[in-house]
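Below, each structure is written out as structure tokens.
In the two complexes below, subunit A is the common chain; its partner is subunit B in one and subunit C in the other.
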Partner chain A sequence: MGAPGAGLDVVGESSARRASRRERLLASENLAGWAFTSPAMLLVAVFGLAPIIWSVVLSFQRNNLLSGGTWIGFKNYERLMQDPLFAHSVRLTVLYTALFVPISIALALLCAIALNRKLRFIRLYRTAIFLPVVASTVAEAILFNWLLDPYFGIVNYALVKLGIPAQGFFQSPSQALYAIVAMTVWGWLGFCVIIYLAALQGIPKELVEAAAIDGATRWRIFRRVELPLLGPTTLFLVIYLSINSLQLFDEIYVTTRGGPLNATLVVVYYLYQQAFQFFEAGYATAIAYVLFLGILILTIAQLLIGRRFVHYRS
Partner chain B sequence: MRVVQPRPPAALPPTGLTDLDLQSEVAVAARHRGPSPWHLFLVPMSLLMAFPFIWMVVTSVSTRAETRRFPPQLPHAIQWHTFVEAWTSAPFAQWLLNTTVVAVASVVGNVVLCSLAGYALARLRFIGSNVAFLLILATLMVPFQVVMIPTLLIVRGFGLVDTLGALIVPNLVTPFGIFLLRQFFKTLPVEIEEAARIDGASRLGTLVKIVLPQMKAPLATVAIMTLLWRWNDFLWPLIVITSPDKMTLPLGLATFQGAHSINLPLLMAGTLMSQLPMLVVFVVAQRWFVQSLASSGIKG
Partner chain C sequence: MSARRSLILVVAVLVAAAAGLLSACGGSDESAQPAGSGSPVALPSPGGGGSVVLWHGYTDVERAATDVFVARYNATDPGFKVDAVFAGNNDYALQKLLTALAGGKAPDIAYQYGSSMANLATSPKVVDLSPIMAQTPSFDWNDFFPAERLATTVNGKVIGVPALVDNLALVYNKKLFDQASVAYPTKDWTWTDFRDAAKKLTDSGAKQFGWAYVNDGSEDTVWRFLALLWQANGDLLNADNTKSALDSPAGIKAMQLLYDMSVTDKSVYLDKGDGSYLNVFNSGKIAMLWTGPWDISSINADVQYGVEILPADVSHATIAGPDNYVVLDNGPQQVANAWAFIQWFCSPEVHLAYATATGHLPIRKSETELPAYKAYLAKYPADEVFVANLDNVTKARPNIPTYPKISAALGQAVQSVLLGRAQPEQAIQAASQQIDSILAAGQ
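Up next, the complex of A and B:
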């Protein structure tokens, strides 16, 4: 019976051919894969990976950005642990984040719910609330510097009209950080509203209608149906805003420069001062690593806490 | 807007992107009984959000004396000449040109290079693809401040300090763009591409003619995010640029503020001029902006 043998031969031959075809295909995939990725990877390597490695080295050096730098081991980190100004900047940054993130999220949620309605002028409302998204941080800071001017600012005028004495805002050590919070909430609100609005519109109408038919009030529908479904979005915003607020810099640079009396000396502004005013590049990089660690820990903590409260639709 | 290191988006199905288009809503408004109480919230809220812009315009057409008065007053006559004065007292045209060049070059670079890399990482199995993807994710996590100083030294090594190249070259590709596009490429059905390949199309041809046309929305997201980041970037230009004729709008505006902090009409006119291009682009293309921002955040 030759048939089974012949059959085997055919199978053997075809699997060998298939194997060589596969090899050729894989070789071509290798070539194409690297041809497609190498321009991007080259840039990522030079401007992404190399600086990460270099900054590790830098954080163990005393380096003034001009000469080569000398190896000093963990001295930068030791100094960091004992630097009262750094501790102060960490406290300020944490306070800023603790205020900025919840205020932004609560206000954004309220705005998104209001904007997710079929109202007259809704397009106008949306444009007004979204518009600050495209304003640069520098412009934002210049505008608020003027609005909150202690002597001629319109906000103080409004306060006086309401019977409240004029305030110092950016020029008052006890108020400057809160003024920064108010300003940055204005700058970020549009972004948060856009994210929430998209999520609200992604909620299936049937769910809301089913709850309404079951006799749920508007508030209960929001509390029991919509709010839980917004969980992943809220978690995303909490993490995203936290990361950005720990890196606050632009607005501080334009308004208070860390002052008055270090009242707004947040971590990244302190880092900037060390690197580009005192030319302590090694120390500045050590600060950056501690910041990175802080961001990492906070993000992981938020993800872990979030997992207990946030439910994903699958 | 400052967007620093973007995070891998939270997991939501790719259908989660909703059309924020408003056209369907007009018809429903007709059966509304009387004005909604939500107006009571939205009117003051909108005014509050728009007020800094409104006050900027009012101040820019006031006289200097009018801005040094308490209580503040509306201008008695509109001072258009302040804009001419601001335009000529600082190289706004040059800054606008520089910002445009940097933004356009970065957008083109990102759209092209992130598409190529994202496609390869999503579809092709090649040696080292997993390592490459992990390295990209690693750079995505690290805050800019960590790499800022070494990047400055590298850019200095290339002789690019104080040139537009320093603003363009390190930003030609963003790990975020590669990551985002890779995720989207993965959601596309592979069969059409395979059919095109069997019909003899090259890989590049398949990507350009078959795949990318299905990717208009995510490509717009990468383009718009890149545009916004580059247009408003401040810290990096502050570090690498010193010559006024190489500055971008935010950096130029900050120096303008330093020079004219007490001449408020001039300062507000300059601020208005620097923000106008992007504000106009936003109002005209609001739908695209909104969708792009929304999908950059919650789509995976």
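Up next, the complex of A and C:
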């Protein structure tokens, strides 16, 4: 950043004086810069940094948020390592992520390719696929509760007509997590499709043309030209969706509330339960920190692996 | 234009903002002395201008009535103003109060569920009302129903005043009973009568169910089971709340009834916790509910329903879910003003008028002896059974801080039996062991 004050140099001033004046000007500009950003910084500090630091403190306490905490050192973390329900919630969260992320990405890629064409009413189709992203999670949950109701839902009605016995869905301990996967894939698909569509349209036509002139089939063009060029987008989606699915909460909160029989007790829901149902705020923040660490490690690993496979166009 | 002057200005604004924040965080240090139990309280006389903030979660009719009564109180010119604030759904009242307490900006009075009392009692900001009540004999604490007094008392401290009381009774659809030629429930019904009727009233082809049970493993699942457990003369914990008493013939018998009805007879509609049972009842697909006064106003006009006390094993015990007004310590003057309003609001005449406006049950025995009680019953005929049923509430949930964990453990057990995933005895034993280890670990 150049100092605009330099243009005001007065002829005849010694260079030393000029330099010190420039320094002063720079210093005051720096200060002004800090001052201008300070409202935002203060907000970040109060609503971001302070809670983060406070929660570190909290995670070393037994604290019910009501009567002041007692310092217990690493006890919360030790307890966490031996808590079978926490291990269960980690397994569920990993299983959910392992299902949700690949399914979302594969479906989104298919839909994006299907929508990356000149069709009549193409804008209508694109809007339609994006609609669930705009709808609120609560509306989504009400819709799926209604569709998947074990007694009166229309999915079971259709299944019975087809001769398949009625299913429990959200009410069945063995199916609830898969029903959540289906619901969230539906909710997130539009977002992934839009990202892929933008990336597909950013692929230079001349590359596709050149490949076609060289005699490549449509499949080979996709496999060898388009798919590699979508690499950075796929990496972004994998990381973004993974972070979101490890933090899954809203959809659980408005549908199964961790049940039935803990079948959907994912990590963040377990955290919520500890803090606001069982008054274990210290333990809950310890869970939050372990989760944060997990997300950090996964994201770094994804970036490192991605560096090998993802091709960036210069 | 001087950059320096604007810099000074910005810094000044920041310092002012930071000072404001600090004082907001520190908050009300003038009321630092705890309102410990037994310590002599010398409350100032009400007044001093200012306002008493009351947080509640009422909507519709209840909210309108609350506003009317608060306005009526303010019109008596008590020297201060009461401000009734809708603070969102009562299901989140505890989280909101926790946040407000942490931020030092608590209201003066807050509506809270009875099940939150034991944990709220650990906060030094929640006022122990027992010494204040002792100095106000005219308040007549013993006039409140026993279940209410039990629910607000934690280790000898009284940390709330009943705001609303309800209990579970049997609500049935008369048309479905007529169609299946089953006699209506009576006050002498036994578990056997109940189970047989539910079975006869079930028609799987027509997706019609004899009974409904809230099966989300929450407190809504648990308190229904507690009623069953008490009917079989069992209990959840021992007398001094140190051990589980669940693993008893009564506990297994209560769980067995659920298993027989849900798994063997398939006569139970399992609600996933979203309250859909009421819609299904309104559609004439559920014959019997165990529910309270809060659902009565949502029953469709074309559904002919009756209300009866719960069936008996050993007794017709039921459970009450009293909710309370908790007073927060924002200084002696605020506590005195809050207490003055509560005394008025919970006095027999005023509360009966409020109950007549809202359909709530009376919270004091003496309300049922007032002349206006006849008009109340004429307006809410179903409530006669609910009021009489308050006599069947002889026990309360244990008021200990670990109760939410115990409730969760028992909720899982009930759910596993309803879904046929566990045998009654096995579920009871597993829950009982879990409860023992929760109690051993303490808070």
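We adopt the following convention: the second predicted complex is superposed on the first by the 291 of 314 C-alpha atoms of A that agree within 3 Å, B and C clash if a C-alpha of one lies under 4 Å from a C-alpha of the other, contacts with A are read in each partner's own complex, and residues count from 1 in each chain.
FYI, a contact is a pair of C-beta atoms (placed from the backbone, for glycine too) under 8 Å apart; a residue touches a chain by one contact, two chains touch by 3 or more.
For clarity, every value in this text was computed on a predicted model and none was experimentally measured.
Asks: So, does A:199 touch the first partner subunit B, the second partner subunit C, both, or neither?
Replies: After superposing on A, A:199 lies in contact with subunit B but is clear of subunit C.
Asks: Should A:127 be classified as contacting the first partner (subunit B), the second (subunit C), both, or neither?
Replies: After superposing on A, A:127 lies in contact with subunit B but is clear of subunit C.
Asks: When both complexes are superposed, which of subunit B and subunit C contacts more residues belonging to subunit A?
Replies: Touching more residues of subunit A than the other partner does is B.
Asks: Given the touch rule stated above, what does A:86 touch, subunit B (first), subunit C (second), both, or neither?
Replies: neither
Asks: Considering only touches as defined above, state whether A:171 meets subunit B (first), subunit C (second), both or neither.
Replies: Second partner only.
Asks: A:260 contacts which: subunit B (first), subunit C (second), both, neither?
Replies: second
Asks: Considering only touches as defined above, state whether A:270 meets subunit B (first), subunit C (second), both or neither.
Replies: Neither partner.
Asks: Which partner does A:232 reach: the first (subunit B), the second (subunit C), both, or neither?
Replies: Once the two structures are laid over each other on A, A:232 reaches subunit B alone.
Asks: Using the touch definition from the top, say if A:64 reaches subunit B (first), subunit C (second), both or neither.
Replies: The answer is second: A:64 touches subunit C but not subunit B.
Asks: Does subunit B (first) or subunit C (second) touch A:29, or do both, or does neither?
Replies: both
Asks: Subunit A residues touched by both subunit B and subunit C?
Replies: Touching subunit B in the first complex and subunit C in the second, residues 29, 31-32, 36, 39, 46, 65, 145, 151-152, 276 of subunit A appear in both lists.
Asks: Touching residues of subunit A toward subunit C in the complex: what are they?
Replies: On the subunit A side, the touching residues are 28-29, 31-32, 35-36, 38-39, 42, 46, 62, 64-67, 145, 149-152, 170-173, 256-257, 259-262, 273, 276-279.
Asks: Of all residues in subunit B, which touch subunit A in the complex?
Replies: My answer: residues 1-7, 9-13, 16-20, 22, 25, 28-29, 32, 35-36, 38-39, 41-42, 45-47, 49-53, 55-56, 59, 67-72, 113-114, 116-117, 119-121, 124-129, 132, 135-136, 138-139, 141-154, 169-170, 172-173, 175, 178, 203, 228, 231-232, 234-235, 238-239, 249-251, 253-254, 257, 264, 267-268, 271, 274-275, 278-279, 281-283, 286, 289-291, 293-295, 297-298.
Asks: Help me check something: in the complex, which residues belonging to subunit C touch subunit A?
Replies: Spelled out, the residues of subunit C in touch with subunit A are 3-4, 6-7, 10-11, 14, 17-18, 21, 94-95, 98, 101-102, 119-120, 122-124, 207, 215-218, 269-270, 272-274, 276, 280, 401, 404-405, 408, 412, 415-416, 419, 421, 443.
Asks: Which of the residues in subunit A come into contact with subunit B in the complex?
Replies: Touch residues, subunit A against subunit B: 26, 29-34, 36-37, 39-41, 43-52, 54-55, 58, 65, 110-111, 114-115, 117-140, 142-147, 151-154, 156-157, 160, 186-191, 194-195, 197-199, 201-202, 232-233, 235-237, 239-240, 243-244, 247, 249-250, 253-254, 268, 271-272, 275-276, 281, 284-285, 287-289, 291-292, 295-296, 299, 312-313.
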